[in-house]
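Just so it is clear, A, B, C, D, E and F label the chains in written order, and each chain counts residues from 1 on its own.
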């Protein structure tokens, strides 16, 4: 892995992620019968945030979002360079934990509640994400993405249940309704803006950019289910990613935000059913 | 159309009269207060759309019992009247101690110094 | 040879000396010196024998005799104790095992010779290092802690001589366990640790402490009975008392009976479900006890035994049973930890869970899983003892050990909060040791087709993340910086904490070396098959890279902070902040203090309900094991 | 179970295209009765002061001496009471709302000169 | 490029409004007017907002709230007073518990008249506010 | 020490369009205690009677609340008319009823949107409010204002609705009914929505009575109480029955309000069908003297106007007891042991109008 590649990944990923977010906002608006913002709106937002004054409530909390960004970028690097998927997930968890700690460090009511909810969300989706990695290992005998995507048969053949479970929990990661408990994209939430309530200016911009990376990471997880050694499959994989993303947007727009009890229960049950059954069947063959 | 009755009672009869209405199945509609020369409290009750108003003529000195023990939801009305008119209602639960509203003037509807 | 004897006997001597010294200062000095020398001795012993290991035969009959005598004395003490406290089970257990051992010793032992009584291999080296280093650090810490402890708790009778001498006695016994190859000796040391644990839990002599101590005694004695039964069974059927011989045998149905019994003994000592209640009760003991006995070392004796038995457990259904039991323990204890707010309770549940994890890895019995198990012992010992002793100090700094109040810690003692965070990070975050081992464990379990356990791991890890992260969250939130209740950490406390914190980090950096020089040779030897480090080199590089980033990022942030001074605004309180970030104008216009508390989710993870369920489940699993054994299917 | 019940409506919306009016490029049509702002044909005004007296917010000021009629735009609540009470019916309700401003706006109308000046702000 | 003009985020606070202007502010978000076309988002959180929309006048009890919200917004920021009550106190100006327009408490940049202010007027007001926002941004740069 | 979180909720809060404050005491996310603070919108407008004459006060009354503005104007005018013994023309009564029912429709649609917003269903919010714009167009066309109408006057109404417009309204109603049926299906059947409303904030019939609940809040708990049955305005000539439900939870309240929307459409159709010709206003001369209690049914429930006049242009006292004021105790009851995520929903299911409450 050379330096140019690393730099390219670091720069291109948020660009694509930002565009996807813009696309998301337009589609959401259209689904609601609205015109919607321009495609580049997410970039305008971030640009504006960098221009704004950054205020702070104490000296600690901003540190964590930057660290979180670093580890999310690190995850992206591991994933997009074909590295170990399990390690990537661990690094991502580290990033998420730092993000949560940022919320705690603000030491303000809504941030703290947001952090608790974010932790709950991590706890809800983590088993399924881990099972996804494990499933891929079962199917392709390797944790390395570069091996997984150069298999002869796409992993989706072995892991349909795991895939469905993953799509279910991606809703958490993409912060979409019904599982946008900790921090919704739409401002009208009982905990204001959750973890990000106290962040402003550059810090908030960093959080936005982090989210762009996370969108790409989430979609990469979808991607590896479809990509194989044949080049044409990569086209399918991209289409699958877009379809999953579109599906998540529709889900987002056609469901209410559920309460944490239900979020946890449903995520764990789906994981338990989809993931376990799939893996059990797989382990017998 | 439903009937509207207005009865004048004395302050000491308030609880007894209210209790009677409560037992008859009335619900409390409102407590209103008017101050023009004399402090005039009106307790309105309703049963099947028939309105019964109990009127008490009083002043800011006389202690008036809260009817909260009979109609628990009277506390908002009583707090408000106490704060805005300065009527001396005792035993409100919960008692906001004249801080239901934060206003620059004291008892704007009542006697002002 | 000499070195090992010194290692075994030196702590004993120190214990005796401490017991006799009544002067406080002198005793403290003695403890410090004793601890340092013990640590040095450990290093020396490991240094001498690490490369080639050593196997010693000892045919000195006197030792056996001494052991028997001591055992009888102990039994007599315990039996009277049981009668006096009306816990007759204790007396019965103690009587049973001692009587059985005596009958065996004098009636059936003829003809059984123990070739090698002491084996020192790479695993022993690791265990000795863990016990010696962590143990002596905790002993030093205890000097500082106990002083504060009695300042805070005037109501308890001071019995420090007793306390410290038991600590050293315990170290000696622990060395004995890991060095013994003779099951009789191991059993003897095993019983001594049980006794030490009992004495230390009951240190404060309150009703609760006494009850919990007795509970611990009952359960551990029960394990002892199983141990004794296993020894007799082995001795009678196979005419050997050597562990190393035992594990070379072919795992057939009959052999599984003693293996199962030994596993039960190990599970009780490691406080696995359904035998876990004693460890939770043991938290009433002074913190150094919890750190030393109930997290870092004594409970490790159980998993150590299982690791030793791994070759027999791996391919058999007894192994599967034990694995499943460990899995349930891991999952439910992780879940239950969520509902706790007492720091020591959380640590206790987490210890149970991690021991469960080690049990899983050990009993899965593949090279890779064993690799993970041994590493887990190291990482867990270091991180958990760090956490325990920092919680102990924090308790003295902020007045209690409720995690909810840990948000004060950053204001009171930055250093302590920081070290505690390292400890927590060591327990569950990515580049740190516990997670590395967990990762390998997962891989190993997939390879051995243990799907159910893998899924349990996935769920359990998620729960682990929740309770650690929320604790960490409390540490990073700074409440009330004006808290002036500042205590200086005594050097006795600070030094071990600092060293352990460094050990946590260093152990993460050096685990490839440990793997290369200790684990791989050991596993190769045990399995007669070349063992390789189960993680790809590129991953190790990435992980070390992450670890370095974690260290460098805070430092690199200092200039950013210097250059970017910002306007401070009050926190968002829906427009009702009074300006001090602590209060808001609440209903009726009065100032109301804002409180931020963690989640406990009682309805999901309440300990009462889960304890019952999981105990039932684990008991069922064990019963299933017994049925399998009786049916001869094992 | 009925999840994604909303999606039918959503897809319909998507296919229909946005319902948004491209304001400010295109304005929503107003109705005949739309109450925007008070206008005056000052030439018909007799400065009786009826509107000033009846205005609930005291937004209107009539100065008979200077033959001026003025209205504080930031006080007018567009109730239309003045248009009702005006004996000469010279006040009327225009459809267009008052533009936002950076400060207070007093529209002064003086008879004869017939000029409007949004000054005095 | 002026990012700030392309993405003004709004904080809406209801002073003592009769809800008339509030629902019109909310109506701006709905499909018919859809202010997200201009990148406007109703954040509901002072720390994220650029534009402070206030409806209704101020009174004894909400003066500290308004002040605090204003203070918690990062620079550059503009205040848009929506509706007659917010601009002058309106029909309630003479009530005992109405202190008057919002400019009694914090500097108001744009006044949007109307009772209730029409959504079009509110959009115009915010757009006017953006010009001021652009100006203020330059000043923020200079001061540093 | 317990594990209790204490946080401020409001006055400025994204889910609360209006300022109200709650001290929320939480365990995990369960609300153990909620103590309210009101007074952010208190203006003291009842006192304005001393400064505005009874004619001008109509405009003040309309601005008590911008959502049920018409009802407030109507209630005030009815009180004065009752005191003065004036009988208003039939056509005015029907016109008032049409506007009143449209107001109800508008108010409930707005409420639906806000409820959807409270449980994080943004597209449903948009859909409801899109529908609401149609009602606003009717308002603007018939009265000239989107929010404040200024059509009700003492003695009748100020503006008539032309025949063509009435027919147009029928068309609008048909279109709306179709769309409303669609989103009503989502509110009543979508499983995620049901998860958020079913069983949330349950209030038994007895509790609702003991707490003095009114309007849809009471009707959803099975108390049949609707001032319209008393036949003020044109209601005596219309055919309808109060809509009630027995469950008493947020879901039932949604159901009742949805039912009332369809009912409102039906009532408007009846009005248009039965609309008599004639004057729209009688001339009122002199000043009122006497006192009167008027009660009518607002979208949020029964409202009470008390007017006391002394024969001069300036009234002695105007007192408004709004439905939200009466529903607050019930709200506080339902808030106990709910989840933090339910707080916005519960606050919304009483359909609070704080500016009414505090005046």
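Here, a contact is a pair of C-beta atoms (placed from the backbone, for glycine too) under 8 Å apart; a residue touches a chain by one contact, two chains touch by 3 or more.
These numbers were taken from a predicted model, which means no experiment stands behind them.
The chains that touch chain B as well as chain E are C, F. Centroid analysis (C-alpha atoms only) places C farthest from chain B.
Judged by contacting C-beta pairs, the busier of the interfaces A-C and C-E is A-C.
Taking the mean of C-alpha positions as each chain's centre, the chain lying farthest from the centre of chain D is C.
Averaged C-alpha coordinates give centres for chain B and chain D that are 43 Å from one another.
Computed from the mean C-alpha positions, the centre of chain D lies at a distance of 27 Å from the centre of chain F. Averaging C-alpha coordinates per chain places the centre of chain B 25 Å away from that of chain F. Shown for chain D are the residues in touch with two or more other chains, namely 3, 5-6, 10, 13, 18-20, 56, 77-79.
Residue positions of chain F touching 2 or more other chains, listed in rising order: 5, 7-8, 11-15, 29, 39, 42, 44, 47, 59-60, 63, 121, 123-124, 126-127, 130, 145, 148, 190, 192.
Residue positions 13, 30-32, 34, 37, 42-47, 59, 61, 65, 69, 72, 74, 90-91, 96-97, 115, 118 of chain E each touch two or more of the other chains. Screening every pair of chains for touch gives A-C, A-D, A-E, A-F, B-C, B-E, B-F, C-E, C-F, D-E, D-F, E-F. Those residues of chain B whose C-beta lies close enough to touch chain F in the complex are 1-2, 4, 27-30, 32-34, 36, 42, 44, 49, 51, 53, 71-73, 75-76, 100-103, 108-109. Listing the residues of chain A that touch chain D in their complex gives 27, 29-36, 250-251, 253-255. By the touch rule above, chain F contacts chain E in their complex via residues 11-15, 17-19, 39-45, 47-48, 51, 59-60, 63-67, 69, 110, 113, 126, 129-130, 132-133, 136, 145-148, 353, 355. On the side of chain D, the complex with chain E involves touching residues 18-21, 23-24, 27-28, 56-57, 72-79, 97-105. Interface residues of chain B facing chain C in the complex, by the touch rule stated above, are 96-97, 99, 102.
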